[in-house]
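In what follows, subunit A forms one complex with subunit B and a second complex with subunit C.
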Partner chain A sequence: MIADSQALGIAGIGVYLPVEGVSNFARMNQFEVDERFINEKLGVRRTLVKDADEATSDLAVRAVRALEAGSAIDLAAVECLIVVTQNPDYNLPHTAAIVHGKLGLPERCAAFDISLGCSGWVYGLSVINAFMAQNGMQSGLLVTADPYSKIVDPNDKNTVMLFGDAAAATWIHTAPRFCSGRFTFGTIGADYEHLICRNGQLSMNGRGIFDFAARRVPEDIRLLLEMNQVAIEDVDRFLLHQGSRYMLRTIAARLHVAEERAAFVAAEYGNTVSSSIPIMLAEMLDDATVRTVVVSGFGVGLSWSSGILHRVA
Partner chain B sequence: MTVTTEQILEIIRKADIPEIDADTLQSDVTFRDQGIDSLDAMSIYLNVEETFGFKIPDEDIEGLNSVAALAAYASRAAA
Partner chain C sequence: MIADSQALGIAGIGVYLPVEGVSNFARMNQFEVDERFINEKLGVRRTLVKDADEATSDLAVRAVRALEAGSAIDLAAVECLIVVTQNPDYNLPHTAAIVHGKLGLPERCAAFDISLGCSGWVYGLSVINAFMAQNGMQSGLLVTADPYSKIVDPNDKNTVMLFGDAAAATWIHTAPRFCSGRFTFGTIGADYEHLICRNGQLSMNGRGIFDFAARRVPEDIRLLLEMNQVAIEDVDRFLLHQGSRYMLRTIAARLHVAEERAAFVAAEYGNTVSSSIPIMLAEMLDDATVRTVVVSGFGVGLSWSSGILHRVA
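Let's look at the complex of A and B:
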């Protein structure tokens, strides 16, 4: 049976947040910052860190187990699995194959990785919808797991105070709660060095990333709304990648939307890269007052993608 | 082209940068001494760049620590 591509969408989300974390208030002396800077500018009070022996695939599996516990998904019926990560277990094989094995998914299940950072979930949502529709699939998994604790320098204020570990599993099914419209995509490859991992260590040009996000994201969201013929006042929530509180406030100001509609909510876990948007959306799946949602991911690449989600009646 | 400190202050005022009150900013006092941190300064640089259509390279940022310094820089860069 060929699935109706119009009906494919998000049916559930499972989230895995590691228990262990590090308070940024404990780092104030080391990095010469005060409480106000942490609360008002970074927005991140605590970053979560996975166990040293936890592999990326383990985080992914735990997110899928959380999805299983909170939804009607039948793993035996999953036909495709996409893992978004740039911190895989190994250079090869692809992490999706390892996750496939650990979950015991069917042999007829397609499994592949997407190498993207903070734009990865939005890109992945478009890819998995199209892939499933093209191939008549009815049940698929989009998993984001990109633990930056593997590559963050503990002495680098620019990154260690921001990034946290997490994973999210998004179930795509023919009985969805949210369906997506058209997406936008973009790349500025010339600036790839602004956020890069060299010799196993992450470095970030904070100003370069801030300029990129402040310039591109508001104009991209305006384009997205125009493409989808949605008025900005009809958007209930703007789920923006949780780069930092200051970044989100800047984007919200440039979009002329109240900060509450484009909130920074990652205070207790940090910037979880491609998992930041599905973690937020998971909290809204049962909130019927949230009907129209803009999602926008931006970062490594430099790359960005935005999409619009409509609640299915 | 001459860019005045008033023009820079007007750019900051219109930009609606969180936590910066352009009306109380002093042109010849450093941003740091007026409680403007590195993130706020990045917002100021970005809005000046967008207004005049030039890019401030990272290596030039260190000296641009006041409205007056930024006006002088913009006068040269926008010429």
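Let's look at the complex of A and C:
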């Protein structure tokens, strides 16, 4: 099934986190919440917010610049650019075209956007691997940049205290650190209204999303492990979309894995949608003790996708 | 290069064209143009316009229903749905999730949107073939639905006389009529402002788009033929994105192919963006004399992609 992409995998990750942030502790009076709610339920102590004049394409470019600084990528050799976003600069053209122009990528570089939310990086990894393998490409970029500060209602506790802006650029190359196995995918389109942006404003049915994730993600990860013939105890880390600390604790408990192996680590930046998983993975690229990683994204759609990564270098 | 997808290809196409249209001859006074401009330059005599309350997802569903009526597709067996659009119902969720819900597709069906314009069907064909092959899927849907009536300025002659609403659903299956060879892709992101939607309104630099297409498409098709080792005289039809009659005539002349082999056929419905090529191909699925087809999409981005289709049944 994965024969033609064995040579392609994740060779590097660049992350961009805006400098500006808002402390959730400063919002306790406004939203009538206490420290326990912030630390234990949400897990998010601070959300990052981009500058008002930073476009989604700017966040994407900054993540690619971080990747350039920390890896051997040669932008002149990039053959494919996929941007995952649901907050594009414009609805048309696609943001990937704008990023292509700003980076001065080659004319023969394929470029398009994928519209997906929290499941977007995992889906995107499968799409870019398959697309590059089939088209004989050797170097590509998967960029996630979905700044929810453009659409959150500042008076909506459910969302403004949770979501943070960020971007990540994942380099797919023939000399990878991690290669992927088989993926799972799922959709419950009938529940699409649980997380929706109407007239420029985000609304979230927090309970609906929680129930969905708490039920679907553990069963999906069990299916993934079975499909890939990997035992759960052989997984070093579960990099789960950072929905909230309570959500991750619930999923970890249902999988019977210790919380440290499926940690919530977004306390200082927030739920960064499709960037949540690559931000975590970036920290582990050089940690040789992390050899087998499960990734799972879930949310907007409703949509979910899981994958398994094996260290190869 | 295409070894793993040889079994997958185009098994059927469903088309949805709205009933309502506007005659360009009725607009001659308003825009101070004559019949010659309409017939020879644009080539579009009539543009189709969806109902105001028809969402993009509704157009997509209607195209899938047409596919169901005209093919053996079993929606309960669909494993993948990609919607190509830059006019989604909402920016989030993706339109594919909404279509998934309206069609009642299986929970294990992967679903996402690709944001691309006129090059979108050709790109999408490569993406869905690669994605399905790599994930071991046997039946998938590539839907194009990009109703520009949502964004055209009724007073802008450049766009309102040109673009028409439509949708197409392409069934990708292991028992195909046409299989694809190698593809080409290209991007000139620096020129992204040539076709852009700002504050909900489309604007087009017609001269910029024309010059781009007239130069890039002929050279791209020559490259495509070389990559696939197909002689230009062995191509039965060139299905080129229906930019305008004058644009197609120019491209055909530069390729030294007779106009009939690269015809403009959108006179009664208009430039339907990413649906232009599948609408044409749908007419040829049962025509056994059409064995080798070149497809080429170009526009928004700026972006282009070409592919070659070989009849297998």
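We adopt the following convention: the second predicted complex is superposed on the first by the 308 of 313 C-alpha atoms of A that agree within 3 Å, B and C clash if a C-alpha of one lies under 4 Å from a C-alpha of the other, contacts with A are read in each partner's own complex, and residues count from 1 in each chain.
FYI, contacts are C-beta pairs under 8 Å (C-beta built on N, C-alpha and C of every residue); 3 or more make two chains touch, one makes a residue touch a chain.
Source: prediction; values computed, not measured.
By the touch criterion defined above, A:250 lies against subunit B but remains apart from subunit C after alignment on the C-alpha atoms of chain A. In the superposition on chain A, A:288 contacts neither subunit B nor subunit C. Judged by the touch definition given at the top, the superposed model places A:72 against neither subunit B nor subunit C.
In the superposition on chain A, contact is made by A:37 with subunit B only, not with subunit C. Set against each other, subunit B and subunit C touch different numbers of residues in subunit A, with C touching more. By the touch criterion defined above, A:94 lies against subunit C but remains apart from subunit B after alignment on the C-alpha atoms of chain A. The touching residues of subunit C, counted against subunit A in their complex, run 1-5, 80-81, 86-88, 90-102, 104-105, 107-117, 120, 123, 126-127, 129-131, 133-136, 151, 182-192, 195-198, 202, 300-303, 305.
Across the complex, subunit B meets subunit A through its residues 16-19, 37-39, 42-43, 45-46, 49-50, 58, 61. Taken together, the subunit A residues at the contact with subunit B in this complex read 37, 40-41, 205-208, 210-211, 214-215, 246, 249-250, 253.
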